[in-house]
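All remarks here apply to the structure that follows.
Naming follows writing order (A, B, C and D), and every chain is counted from residue 1.
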Amino acid sequence: MVLKSEPMLISMGPHHPSTHGVFRMRLVLDGEVIVDVEPMVGYLHRGIEKLAETRTYTQVIPLTDRLDYLGSMTNNWAYVIAVEKLASIKVPERAEYLRVIIGELMRISSHLMATGFLGNELGCTFTPLLYMFREREKIMDFFEMVCGQRLTYNYMRIGGMSQDIPEEFLPAVKKFVAEMPHYIDEYEQLLSENEILLARTKGVGILPRNLAISSSVTGPVLRASGVQWDLRKSDPYSIYDRFEFDIPTGTVSDVYDRYLVRIQEMRQSIRILEQAIKQLPAGEARSKVPLLLRPPVGEAYAHIESPKGELGFYLVSDGSIAPYRCRIRAPSFTNITALKDMLVGWKIADAVVIFGSIDIVLGEVDR
Amino acid sequence: MTVALSGKDLATRIGKAIPQMVISIADNSITVKSQGLFQVAKFLKETPGLEFDMLVNISGVDYLDYFEVVYHLVSLKHNHSIVLKTICLDRDNPVVPSVVSLWRGADFLEREEYDLMGIRFEGHPNLRRIYLWDGFKGHPLRRDYL
Amino acid sequence: MKFEHYGLGLAKGLVVTLKHALRRPMTTQYPEEKLVVSRRFRGYELVWYEDKCTGCATCAKSCPQGNIEIVTVQQGDLYKVQKFELDTGRCMACGLCVEACPYQALYMGMGYERARYRRREVVLTKEDLKPSPERQPSGYAYPEVAEKLPEQTLLVYRK
Amino acid sequence: MGILGHFQKWLVEHSVPDWASYVVPALTGIIIALLFLFLMIIVFIYLERRGLGRFQIRPGPNRAGPWGVLQAFADFIKIVTKEDIVPYAADKPVHFLAPVVSFFSAIMILAVIPIQKDAYITNLNIGILYVSAISSLGAIAIFMAGYGSNNKYSLIAAMRGVAQLISYEVPVLLAIAGVLLISGSLGMVDIVESQNVPFILLQPLGFLIFFIGVGAELNRSPSDLMEAESELVTGYHIEYSGMKFALFYLGEYGHMVVASAVMTTIYLSGWKGPILPPAMWFLVKMVLVCLVFVWIRATFPRIRVDQLMSLAWKFLLPLALLNLFATALEVMWQDKIGWEQFPWPFVFLNLGLAIVFILVGSKLLFKTGGGQVEV
C-alpha cells in the first residue's frame, strides 16, 4: 500500500535566523526532503542603481558601501575603478598599494564572516562565529583608523584614497598579518576535521563545473567547483600582477570545498598582504581630480574580484556630473541562480547550509 | 589578462555565419539587431575558438529613443571577452529574445531587467517581477520614471 | 557520516574550545569601559566654526542626501550665515561635506552616543553645531587636528 | 528505608492520624523534590550560560547580581510578564498541556534518585525501568507542542523529536542493561551500592553510548534537532510565549538535571567519594556532567536528522549489543574472580574492548552517503 502524501509548502524567510538577512525561499517539502525551491528576493530593494543616477560621481561612493555591507571597501574599489576607466584617471602608485592592502583585509574579514556563519548554520552555537568575530574586529579597527568608521567606510575616492594612512597603521597590520595564520590554524583545528562537520558538508550541495559556469556563478563558489577563475589572476586589475599568490580550487564542488577554498583564500590574502606591505612606496595617495567630475561621453565596465565573486560596475556617461546609468553586477545576486540545482533532493537542514555556503549578502542581492 | 576581442574581427566572423545582423561596431563591442540576438549569442557560445561560456552581466540602458541591452560575455576557456549589444526601438513593448537556454545565469538577470527596465525577454521560462511586487506600476529604472 | 578520523577530529575541536575557555574574554563592557575611537572618527555630528564659514554652501552641494540647509544674507562684501541646519537623522556620516569645505570651517565630530527620543531633536541648528568642550572636532580630513588626538585602542595589541 | 520512611514511622509512633502519616511525608517529598529541582535548574542555567560564554571568549551574562548569578531570576521575571500568545488555529487543550507534561515528567523522575544513602523519596526496586519509562514522556510533550501549535516548523520538529527519542531509547536501555548485569539490581540505591569502582570505568563503551543517547534524548547540541534554531527557528516551542515558554525552558533544563543525576547514579557511583560529604559528592558529579554537556554544546555542529538516525541504529545499537554481550561473558566469569576483589583487570579489559569496538564499528558498521534523495 502506498500512503497518500502531499507536499508541504514552507516559506523560509524573510524572517528566518539563517537566511542572511531578508532572503526568502519558498520550499516545497516532501517530509524533510526538498522537492522544489524558489528564491524570492527584493525585501531590501532600495533602488541604488536609480539613486546613483541623481548623484554626482563622488556621491555614489557612499551608496556602494551599502551594497555588500560585509565587503564595503571592495565595493568602493570596483566603483572607483569603473569611474577611473571612464574618465581615464591615473591613480598614484601608493594608492594602488593601499587599495590592495585594504581590499585583502576586507576579503579576510568577509571570508571570516562567511565561514563563521556557515558554522552557525551547521548549529555550532556561535562558537566559531565568535572566534572569527575577534579577528574581524581587529580588521574593523584598521578600517576605523584609516577612514573613521567601521561599517560604511567610504574610503576610496576617484583617483586615490580619501586620505593617506596614519603612521600607526602599518605596524598594526604587520602584527595582525604575523598573527593571523595562527588563528586560521585554530579555526581549522576546530572545524576542518570535525566528523560532524564533514558529515554535514562533504558531498552536500554539489554544483558541477559546467552548471556553475553557465549559471554565471563567480567567486569562491566557482573556484570550489574546480574552475581556476580569479579576476586577480585572469584579468589583473590594479596591481595584482605584481604579487605572487595561488588560486585555491576545489575538486568535489560541495559545501566542504567552498569552506576550504575560503580558508585557503584567507591564507593567500595574507601572502598578498605581506608582499604589499613590503613593497608599499612613498608618495601621494590621491591624485588631483575635480570635485565635480565630468567624464567624457562613453561607457565603461570594470570588475574586481570581491570576496563574494565578480563585482562589476557598468557606467554610462552622458558628459554630465552624474552617471547616466550605473549598472551593478552583483555577485551575490547571480550566485543564487544555481540555488535550486544545489538544493533539490536535500533535507531542510541542508538547505540553510548550502545556502550559507554560497555566502550572499542581501544588501547586494537586492541593491 | 582577459583579452577584449576586437569588435571588427568578430563582426566579420559573425557576418559570415549570420549575415546582416550587425548594426554597428565599436572597439570592443558589437551591436546586433534584436531579432538576431539569439543566433549571434548561440554563435558566440558554440563556435570553437570563441566559446563564450559565461554570461557576466546583462544591463539595460534607456536612451529615451531606444533601449539598449548590453551583454558582457567572457570565455573562461580562452580568457577573452566581448560586449554584445542589442537595441529595441519600441518603447511601449520592447522585446528581446531570451538567452536563458544558452546561459542559465541569464535567468535572474533578465528577470531583473524586465522588472526594473520593462524589457520583455521572449522565451524566458519564468518572466515575472523579481524585486518589486506583481502589481507594481511602471518600471523604475527607465529615465522617464519619477 | 563516517568516522574518518575515529573521533579524533571531534577531540581536536574540544581541545580548541577548552583552550579558549582559559583565555581572557575579549568583550569590552561598554558603558563602563570605553575604547578610544579613531583619530579620524566620523561621528554622527558635525562641528562647525561660524567665524571661518563664508556661507559658500559647498558642503550642502557635496552632501549626497541634500541634508545641509544653508541660508545666507549679504552684509557688504561678506555673506553672513543665517541658517545652518543639519538633519542628523538622515546624515550617513560619509564625510564628503568636510572634505569639500574650502575654508576649514566644518569638521566631523567625535561623539557617538547620539540616540534621541524625538525626531526634531536630531535636527541640529547653528547653535548646536558650534564646538564646545563636549563637542570636539575629529581629525577626519585634517591631519593636523588628528595629531593632537589620543591614539586609538587597537584590539591587535590586546593580550 | 529512606529518610522519608523514617519520618513516616516517627509520625505513626507519635500517633498522628493514619491519613496524615501518609500525606505529610508525601507532601514533604514533593516540596523537597521541587525545591531541589528548581535550585539545580538555576545552577545549571547559570553554568550553561556562563560556561558557554567562557568557551566563546566572552564573559556571559554578568549584569544581574554579582557575577550574574541572578540572571535566571531576571529572565524569569521578564518571561512571565510577557503576553501569552496562543495561535488562532492551535489545538488549544493540547497546546496548553504540552509544557506541563514536559516539566512534570522531569520532576517525576527525581522521585527515585538517591542523593545520599537514605536521601530519596522512594526506593523503587524497578528504579531504572521507572526512569526510562517516565523520561519517554518528554517525547509526548514535544509531540503535543509541535502538533498543537499548528505550525509547519513545529510539526517538522515534533516528528523529528518523536523519531529521535524512540530511536535513542533502544541503545540507551541496552547500555544500561550492561550496568544492570554487573550490579544485579534495578533499584537505584543498589546500583550505587554495588559500585566499588564507578561503572564509567567498568563500562566505558556503555557510558559513551548512554551519554550520546541521553544527549540526543535531552535535545542537547549536537543533536538538538527538535529546536535547531538555524533550521526550524526554534522548533517545537516556536509558538509558545510567556509562562508556557518558561515551563518548556524549565522542563528542558529539568530533564538535563535529572539526566545528569541519573548518569551520576548509574555510572559515576552516586554519592560515593572520599573526604566530602556524600550529598556534596553527588552534586559535584552532577555539575561536572553539566559542564561536559556545555563543553560539547560549545564545540560541535548539529547532526542532520537522517545521520542521527543512522548513528543510533547502525552504530550505537550494534555497539550496545556487543557491549552487553561482552559484559554478560564477564559476569559469567564473575564467580571465579569476583568484581569486589579484582575489578581493575576488567577495567582495562573493557577499555580495550571499547576502543576496539569503536574502531571496528566506525570502519565497518557506519557508512552513510551524502544523503541526497531522488525526487
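The rule is short, and it goes like this: a contact is a pair of C-beta atoms (placed from the backbone, for glycine too) under 8 Å apart; a residue touches a chain by one contact, two chains touch by 3 or more.
Just so it is clear, the structure is predicted and the values come from calculations on it, not from any experiment.
*Asks:* According to the touch definition, list the chains common to the neighbour sets of chain B and chain D.
*Replies:* Output, common partners of chain B and chain D: A.
*Asks:* Which chain pair shares more contacting C-beta pairs: C-D, or A-B?
*Replies:* A-B
*Asks:* Would you identify the chain whose Cα-based centre sits farthest away from the centre of chain C?
*Replies:* D
*Asks:* Distance between chain C and chain D based on Cα centroids, please, to the nearest Å.
*Replies:* 51
*Asks:* Provide the C-alpha centroid distance between chain A and chain C, rounded to the nearest whole angstrom.
*Replies:* Roughly 25 Å separates the two chain centres.
*Asks:* For chain B versus chain C, what separation do you get between their C-alpha means, in angstrom?
*Replies:* The computed centroid separation for chain B versus chain C comes out at 43 Å.
*Asks:* Would you pick out the residues of chain B that each touch at least 2 other chains?
*Replies:* none
*Asks:* Please output the residue numbers of chain C that touch at least 2 other chains, ranges allowed.
*Replies:* If we look for residues of chain C contacting two or more partner chains, we find 1-3, 7, 10, 13, 16-17, 20, 26.
*Asks:* Can you pull out the residues of chain D that are in contact with at least two other chains?
*Replies:* If we look for residues of chain D contacting two or more partner chains, we find 55-58, 298-300, 303, 307, 368.
*Asks:* Spell out all pairs of chains that touch, sorted by label.
*Replies:* Touch list across chains, by label: A-B, A-C, A-D, C-D.
*Asks:* What does chain A use to touch chain D in their complex?
*Replies:* 8, 10, 16-18, 29-30, 32-35, 119-127, 130-131, 134, 190, 194, 196-197, 199-200, 202-204, 254, 344-352
*Asks:* Under the stated contact criterion, what part of chain A meets chain C in this complex?
*Replies:* 55, 58-63, 127, 131, 134, 137-138, 141, 144-149, 152, 154, 162-163, 166, 168, 172, 175-176, 179, 186, 189-196, 198-199, 291
*Asks:* Report the residues of chain B in contact with chain A in the complex, numbered from low to high.
*Replies:* For chain B paired with chain A, touching residues are 1-2, 53-57, 59-62, 70, 72, 76, 79, 83, 102-109, 112, 116, 130-133, 140-141, 143.
*Asks:* Can you name the residues of chain D that touch chain C in the complex?
*Replies:* Interface residues on chain D, with respect to chain C: 51, 53-59, 295-296, 298-300, 303, 307, 310-311, 358-359, 362, 366-368.
*Asks:* Applying the document's contact rule, which stretches of chain D touch chain A when the two form their complex?
*Replies:* The contact residues of chain D facing chain A are 52, 55-58, 152-153, 156, 160, 221-222, 224-225, 228-233, 297-307, 368-375.
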